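Input: structures, listed below.
Two complexes, one shared chain (chain A), two partners (chain B, chain C).
Right after this comes the complex of A and B.
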């Protein structure tokens, strides 16, 4: 903690290259928070989906800061491109727009209790992550796309096959579930 | 400025992951509709992915493993979203509603 605070004390100036990178990082965090807030508190479901896309764009930026542009690209493709569009289709198919103000809600305590519980979980995990003395290990390998492909097809090949099987079963199951009841 | 150096520390990314997880927990508890809960569960998975990537960047000896783990989490999340959306459509066809208050048959 001593080295961390001393390193934080003499950070880069705003008008240097490192300072500009730090500013972009802060903007990325702001995008994540605004998107997540919009996705979890908005009353219209379409705005929730838009907030999901915005927040996951910020998470892709975080992955880029963590030196893995491949995972950032996959995040943009899968989450922002596929999952958000899928949920948007679900909203269009199964959410009537005039249903937002139902008014028959009995447990009004759900929102404040949920906020309190989420704040406690967030505080506990943050304190745990900051206070722990994490132990680092010497690096072996670079972690670029070539190494990802090599490890994926050699030491993790069975998991790769299993995930393909899971996706196949998910496709068939989704078709069966959505198809049932339609003549 | 000290705050501009935040992106070099593991703790920052762990706090971001905890933040996404907290938003997901709040959404799962407080949302009224099934689709809102599905969106919140995506936030929980994103928080765990950010944690894996942070440990992969700062601590792990083999820096490809965490990225592969995150890719697997993405695949699981995509399968989960597809199944959940088809369940939502089936539920809407039977109950004409996706409000969690309306989906009770036993009225407990």
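Right after this comes the complex of A and C.
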């Protein structure tokens, strides 16, 4: 296992193809992290949603990077195009005008404790990621839609069925919630 | 693969020029069209037939101060017009203008265009909210609920086409329609089943209505209903911020017309089968755009409830039925002729 600094020194140069791809990877990661920070630190809810959308876009970049453009596009279409817009929609319809006020913290210890917990989880995950002996699997399929469709209806049909069950539950839940308001 | 560095540069410049020219001159076309439909002349002072009007407008917009009113959300307010404009230009990368003129042939170009369109929706939402103006927020929520409602029948119709063509690549979808108009997806008489040819025009009408609604054009321009909402989500924008929103709108119309042409009207193939060139493609998209303008100045604005009912109660059931029928026609050979 090389150390990070030696990797940086002996790795491909920035102007080679691999170096450029690596740079794009790092930019994608940066987009995810910046988006996540925007989403968690801002006190204006709509800014949080915008941060979430930025983060989702970064995740789509990672999917593209992992050579499954279909999943990347779907990520954009569903998460950026539908999920964050629905969240923003709910926020705009429900929240009062002023999101900027300094809400009263109930406990002084809340933010240091929260930060400490988050740091511990982060450290644990990092250690896990670095120490584990990862086994590399050969690439499965080319990631195009034809193959995804074939696999979803043959070897992974259970997933397909489970998703339809989740959607059914969501529809029933929405109907129940919407029904309640009516007399 | 040997691609010279010049190819991407030429495409970049070409697409930017095409986009800029369209964004500028469609405004002129619209004002002229509106004028003549309403028995006026339209712009006529600047240049012959007012042809230099877009340039004058551009100079005016760019020389104005970029005003950020008090109480708006600074970052989001500035980001929204850019977000409205950039995805529209970006999606032109995936559009094949002819057999040879295409910046990048992407396997999932249909999906790419819809994914980028969803960012445009985000821009309206962010712009409306960041303005901190009640009218703008009402307009943004209206626009988004409208876009979500109309995206569903539009995507279902696209799935129908994808099933017929067996590809999500716009280039391949267009190539499947080679030959005369009897091969086009709008009326595929030469296809396997006549029944398919009967339902496809309905599919085309659904797609066209949806693209009018998706671009927030009258009669579906609930987002900027002037008489009720001032100018909707654009109320607080002046100078080039407003200009970018307008350019985004016109570019979305161009992209919508390109998509309709490729999906239904045979792309770059001539109507009688022996010619194919970028000329036919441009002719078709400009006829469609003229139809957009004609519709806008002919029909009065509808109500938001009627608009949503149209989508959820008519367009979605019809498009789903067409999808189902197409699947049956594809799988059951000799079904109904």
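Just so we're on the same page, the second predicted complex is superposed on the first by the 154 of 183 C-alpha atoms of A that agree within 3 Å, B and C clash if a C-alpha of one lies under 4 Å from a C-alpha of the other, contacts with A are read in each partner's own complex, and residues count from 1 in each chain.
As a working rule, contacts are C-beta pairs under 8 Å (C-beta built on N, C-alpha and C of every residue); 3 or more make two chains touch, one makes a residue touch a chain.
None of these values were measured; they are calculated from a predicted model.
Undergrad: For A:134, using the defined touch cut-off, is the partner it touches chain B, chain C, both, or neither? Pick first, second, both or neither.
TA: First partner only.
Undergrad: Applying the document's definition of touch, where does A:93 land relative to chain B and chain C: first, second, both, or neither?
TA: Touch partners of A:93: chain B and chain C.
Undergrad: By residue count, is chain A touched more by chain B or by chain C?
TA: Ranking chain B and chain C by residues of chain A touched puts B first.
Undergrad: Have a look at where A:82 lands relative to chain B and chain C in the superposition and call it first, second, both or neither.
TA: So A:82 meets both chain B and chain C here.
Undergrad: Looking at A:177 after the superposition, I want to know if it touches chain B, chain C, both of them or none. Which is it: first, second, both, neither?
TA: So A:177 only meets chain B here.
Undergrad: With the two complexes superposed on chain A, say which partner A:34 touches: chain B (first), chain C (second), both, or neither.
TA: A:34: touches no partner chain.
Undergrad: Once chain A of both complexes is superposed, is A:46 in touch with chain B (first), chain C (second), both, or neither?
TA: After superposition on chain A, A:46 lies in contact with chain C alone.
Undergrad: Between chain B and chain C, whom does A:70 touch in the aligned arrangement: first, second, both, or neither?
TA: In the superposed model, A:70 contacts both chain B and chain C.
Undergrad: In the superposed view, which residues of chain A touch chain B and also chain C?
TA: Touching chain B in the first complex and chain C in the second, residues 70, 74, 82, 86, 89, 93 of chain A appear in both lists.
Undergrad: If we count contacts the way the header does, which residues on chain B are in touch with chain A in the complex?
TA: Of all residues in chain B, those touching chain A are 1-11, 13-33, 35-36, 38-40, 42-43, 46, 49-50, 53-54, 56-65, 67-68, 70-72, 74-83, 85-94, 97-99, 101.
Undergrad: Spell out the residues on chain C that touch chain A in their complex, using ranges where they run on.
TA: So the residues of chain C touching chain A come out as 73, 75-76, 79, 106-108, 111-112, 114-119, 121-122, 125-126, 129-130, 137, 140-141, 144-145, 148, 151, 168.
Undergrad: State the interface residues of chain A toward chain B in the complex, per the touch definition above.
TA: Residues of chain A touching chain B: 4, 7-14, 18-19, 21-23, 25-26, 29, 32-33, 36-37, 39-40, 45, 48-49, 52, 55-56, 59, 62-63, 65-68, 70-71, 74-75, 78-79, 82-83, 86-87, 89-91, 93-95, 99, 102, 104-106, 110-111, 113-115, 117-119, 121-122, 125-126, 129-130, 134-143, 147-148, 150-152, 156, 159, 163, 166-167, 170-171, 173-175, 177-178, 180-182.
Undergrad: Quick one: which bits of chain A touch chain C in the complex? Just the residue numbers, please.
TA: 44, 46-47, 50, 53, 69-70, 73-74, 76-77, 80-82, 84-86, 88-89, 92-93, 144-145
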